[in-house]
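After this come two complexes, each holding subunit A, first together with subunit B and then together with subunit C.
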Partner chain A sequence: MTGAVSARRLGVVSCHACGLVCQDTLPQEITPQAAHDPHVPGSDAPDNADRGRSYHVDCPRCGAPLHRRRPNSIARAWALLLAGLIFYIPANVLPVMYTSLMGKGSENTIMQGVIEFWKSGSYGIALVIFIASVLVPCTKFLVLGVLFVTSQRRSRWAMKERAKLYRMVELVGYWSMLDVLVVAVVAALVKFQGLSDIEPRIGILFFGMVVIMTMLSAMSFDPRLIWDGDTE
Partner chain B sequence: MKTFPHLVACEHCDSVYERTPLALGQLARCERCDAILYRASRLDVDRWLALTVAAAIVFVMANVCPVIYISFKGLHNEATLWASAAALAHGPAAPIAVPTAMSIIIVPFLQISLLGWVLMYARFGKRAPGFERAMRMLVALRPWSMVEVCLLGILVAVIKLSGFLQVAPGAGIWATALLMILLTLIANRDIHWLWEITEPARSAEEVQA
Partner chain C sequence: MNDTTETRPQPGKPAILRRRWGISLIWIVPLLAAAIGISMLVHAWLSEGPEITIFFRTATGLEAGKTPVKYKDVTVGAVTAITLSKDGSHVKVKVALMQSAKSLTSKDSRFWVVRPRIGASGISGVDTLLSGAYIGVDKGRAEDTASEFTGLEMPPPVVGDMPGKSFILKSEDLGSLDIGSPVYYRRIQVGRVASYQLGESGQDIKLQIFIDAPYDRFVTTNTRFWNASGVDVSLGADGLKLKTQSVATIVAGGVAFASPMGRQASPAPKDTEFTLTADQGTAMAPPDGEAQYIQLKFEQSLRGLSVGAPVQFSGVDLGRVVSINLDYDPEKHRFPTVVGVVVYPQRMGRVLEKLPKLEGDNDRQAALFMRSMVKQGLRAQARLGNILTGQLYIAMDFVRNAPKVEMDVNARPITMPTVNGSFDRMQEQIANIVAKIEKMPLDSIARNLDTTLVSLDKTLTQVNSQVLPQTAQTLQQTQHTMQEADETMQQARQTFGNVDSLLAEDAPLQQNLGQTLQEVQRTSRSLRVLTDLLGRHPESLLRGRPEDASTVTLNPAAPTTKEESTK
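Coming up: the complex of A and B.
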């Protein structure tokens, strides 16, 4: 246990939306992990789960529902992460863009786009797109997976580093939207009938879904779960 | 319910601290997980509102003016932010046009108008009608605002196209760059203290209770 006192120990809960610290009048079993928490008194009573379901408390200042931890945090975060992982396959296999130049048409996947930039000598741009559309999503899958597993096991390993990793994922995650925006701008510009045309293809939809799913997954995860193994 | 406005709980690890006044430019960090708890605001409400108005003007410019002009074998074309989002709406990937338009146009628009609304009243120490909902929305909208990603996307598009046609930046690209800076200044900051400077009379009793 570190020096700082946790809200749970003080019997307070802070509002997710406005940050106000309120007295904790929530029933003990409202969060799933509290139900397995031997340190929370009353959490092992078998009939508590049913009583808690209909009961919720709103923040007296902003009206948002109060939670000790985000509800169903890990289950929701896993589901969204897996959805993102599944979408990542068609996002890479299917073409994201169709280019026609003087009657010659071709379809490009994300990796083909990166390779094309690299071959034409635009190493910087190739790198930027590679980082935003391959490195960031893959790192996100890995980091979030590790965070979810370690939090589920209430691991006390490298908690400070894991907390930093989570904040890093939140900070860089949305940059993956880059490829979608590039396709949007390019497709809006190049519309010369017969001469040259660029159109979006289905792959970009899947790629956008990967970004949205992983962002939602990171948001569903409650970073305070990282520290919940530290209550002893 | 008892509330403790003098306390702050770390959003990242649930540690509770007492709020202490900060000097200009300082920030309070969590001892346990190193996350930022809160920062001293360098902006008073008047300046904040002025920047929000500036952001609103720049937002209109970014949306009205084309961001890029291109020409190819004597043919010309241009694109605005709207046109870019709309270009995705044609073809098989159409649904992605919705989140794209949200992240580069609708969310920034909502951030600017909600902030403007809230700040107009906060100048007089009052809470605007719908203050609670506006504040909750501002917190929820923040991660979905992607003007900076959009700007990088435009730059990549310029480089991509300059290989086989002539590309020139439009006024919209400068407006987008300015919008990015102004949005960072007005929306990526601690808005919690607006709750404190606009405390309504009824909850003053609760604080003392």
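Coming up: the complex of A and C.
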């Protein structure tokens, strides 16, 4: 809080591509003046506020655009999160898998599968599916949403925990494709003509999109924004 | 913040460049997602078909959310919910149909549950053993749609768009027929019974049958249908009959049809009505036309007469007995039998055209005609049809010297006078014979016979003692004679042998004969020369041979002598 020294404070900016540190020539003076935010120095202000003038600064060494924070970070993260959320609806409504056993075929959505496994007594499998495909995505939406909102508001609330949460979300992201993988593997394995057959259905595609969107959203979020509130 | 710290190495000062975009393109992603989501929603909304409710007696094999609805084996919907009806008598099955299956909600569409069934006429729905039951649909034709249907308990034997034709059969009763019973043409199964229902009056049954496509053209306007159910055993006045169509019909029943020979007819249009008769014989009989009910009152007992017994008119089967009842005659204190018969005047065939046309309605016409016939001596009679079984039939015939009876034309039902049948007469005759036999002096006959037999015995012993030895002698003599005859025969054979040798080719007799014949030939030739000579020169007899006779033989004189000698 008090003693935190950031590159911004020192008036330097490092290139994200080649790591060159150079003077911060980014037009940030304008930002605080034209900031919509009630908060004083909007680091993300160039994203939101520089409607009229648009310019960018390139790294003198490698030519990559320079920025203090990832540009458009929060907006991108929001956009992708929103897309993920939208995709989550068909992923749940539409069937994800078609199973046919001894000629008796049925299409199941995620929740139907969970309920079926639960009813048949396979609580473990039901729980795994439920956690992997309902609980995790939902918490991810929630966590990301909270992160984005708090970062936008430059909240100083539980910054360390938020950072931890973010890392967790990133970590979990790798495993979110579990459902998709299960369907892919099972569909490839169970192909006994006539006896038993499993095929993926459109729902699983949407579910995969949800995972991809949330992962991209988490990636495009600049975790440094969590700490920006600290600089004041 | 433009100031940089002097103490550190100077970082370079990157130039400020113009930015290219105002709004971030990233917002396209959620927009795209939303577009896809909305399009899916719209698609789902558009493809959502009508929801219907089907009532079934039981929900055996049905499962909410699982059981599909299939039309032509294509899934067109699924059961969404199964609930019990309010009174608990049946189940309500809610079905969500696809948009493409909207046409299946026609008012007369039929729904049934396809599950494995094993019946007398076969096994069906085997595929559902593994896949589980599903709801089958047959598309209706009605324009109106409905949202509530009553499901069939059995799959319909005929599905709407099968090639073929359906026909209506009218029958007195159902027999052992059922929905799905086969229809045979020349013992090939060509169709089946689709449905049956009681006629409006409750007097008959209407069967709907369906004939499959290539065979439906064999159903012509004069085709006859008969019930080929089970084994048809009939013991009638004409003996025992046993008939069956195929083994399957014994169990499941069946209908057969055929067209009478020799008559060309056009194929019958759809839903033509036919009559289903009890057996082939009746079916193939010429059409009966209007039936005429006649009452007959018999004085005698009619043991052996049964309902259905034939009524014949001079040997032609005209009708049958429909009722036999007892009546009481208070004046004579008798119990006459009242027999109701039905006759079909049409069966008389061409005769009808020759008969005089009478006025009035059918009954009156018949009564008037009958009265004229009764005047001629037409009477009904119960006759013995089969001596073995004792079956009676009713015969209408002209009886000579029948007592005069006046017929009441206005009485209904028409009553025809009767005479006691041949059966009774036979009984009387037999009684007479028995009486005569009784009158015979059997005792004296027996006695006479006895004495005769005694004398016969005596004669025989005489024969034994006297005649037989003589006969033996005679036989010996005969044997002797036979031996002699044998000898004679041998001699005769010898004689024949001699004759044979005489007649042989190289026998001297033969040679002599040949020579003699040559002689004769020569003689006759010279004789001809002589006669020629004499013909031409008759004078030569006196004068001798003339000089110029060139054709004359060398020696005319010699033949003359020879001729005489041969003669």
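Going forward, the second predicted complex is superposed on the first by the 172 of 232 C-alpha atoms of A that agree within 3 Å, B and C clash if a C-alpha of one lies under 4 Å from a C-alpha of the other, contacts with A are read in each partner's own complex, and residues count from 1 in each chain.
Here, a contact is a pair of C-beta atoms (placed from the backbone, for glycine too) under 8 Å apart; a residue touches a chain by one contact, two chains touch by 3 or more.
Remember, it's a predicted structure, so these values are computed and weren't measured experimentally.
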item: First, second, both or neither for A:Gln23, with subunit B first and subunit C second; value: both
item: Partner chain(s) touched by A:Arg153 [first = subunit B, second = subunit C, both, neither]; value: neither
item: First (subunit B), second (subunit C), both or neither touched by A:Phe87; value: second
item: Which superposed partner A:Ile204 touches (first subunit B, second subunit C, both, neither); value: first
item: First (subunit B), second (subunit C), both or neither touched by A:Trp175; value: first
item: Contacts of A:Leu10 with subunit B and subunit C, given as first, second, both or neither; value: both
item: Comparison of subunit B and subunit C by subunit A residues contacted; value: B
item: Which superposed partner A:Val128 touches (first subunit B, second subunit C, both, neither); value: first
item: Contacts on subunit A seen with subunit B and repeated with subunit C across the two complexes; value: 8, 10, 12, 20-23, 25, 57, 60-61, 209
item: Complex contact set, residues of subunit B against subunit A; value: 1-5, 7-17, 30-35, 67-68, 70, 72-73, 75, 77-80, 83-88, 90-97, 99-100, 103-104, 132-133, 135-136, 139-140, 143-144, 146, 149-150, 152-154, 156-157, 159-161, 163-165, 192, 195, 203, 206
item: Contacting residues of subunit C [partner subunit A, same complex]; value: 1-5, 10-22, 24, 26-27, 29-30, 32-34, 36-37, 40, 65-66, 127, 130-132
item: List of subunit A residues in touch with subunit B within their complex; value: 2-8, 10, 12-14, 16-23, 25, 57, 60-64, 101, 117, 120, 122, 125, 128-129, 159-160, 163-164, 166-167, 170, 174-175, 177-178, 180-192, 195-196, 199-205, 208-209, 212, 215, 219, 223-224, 226-227
item: Of subunit A, residues touching subunit C in the complex; value: 8, 10-12, 20-29, 47, 50-51, 53-61, 66, 72, 75-76, 79-80, 82-84, 86-87, 89-90, 94, 102-106, 112, 209, 213, 220
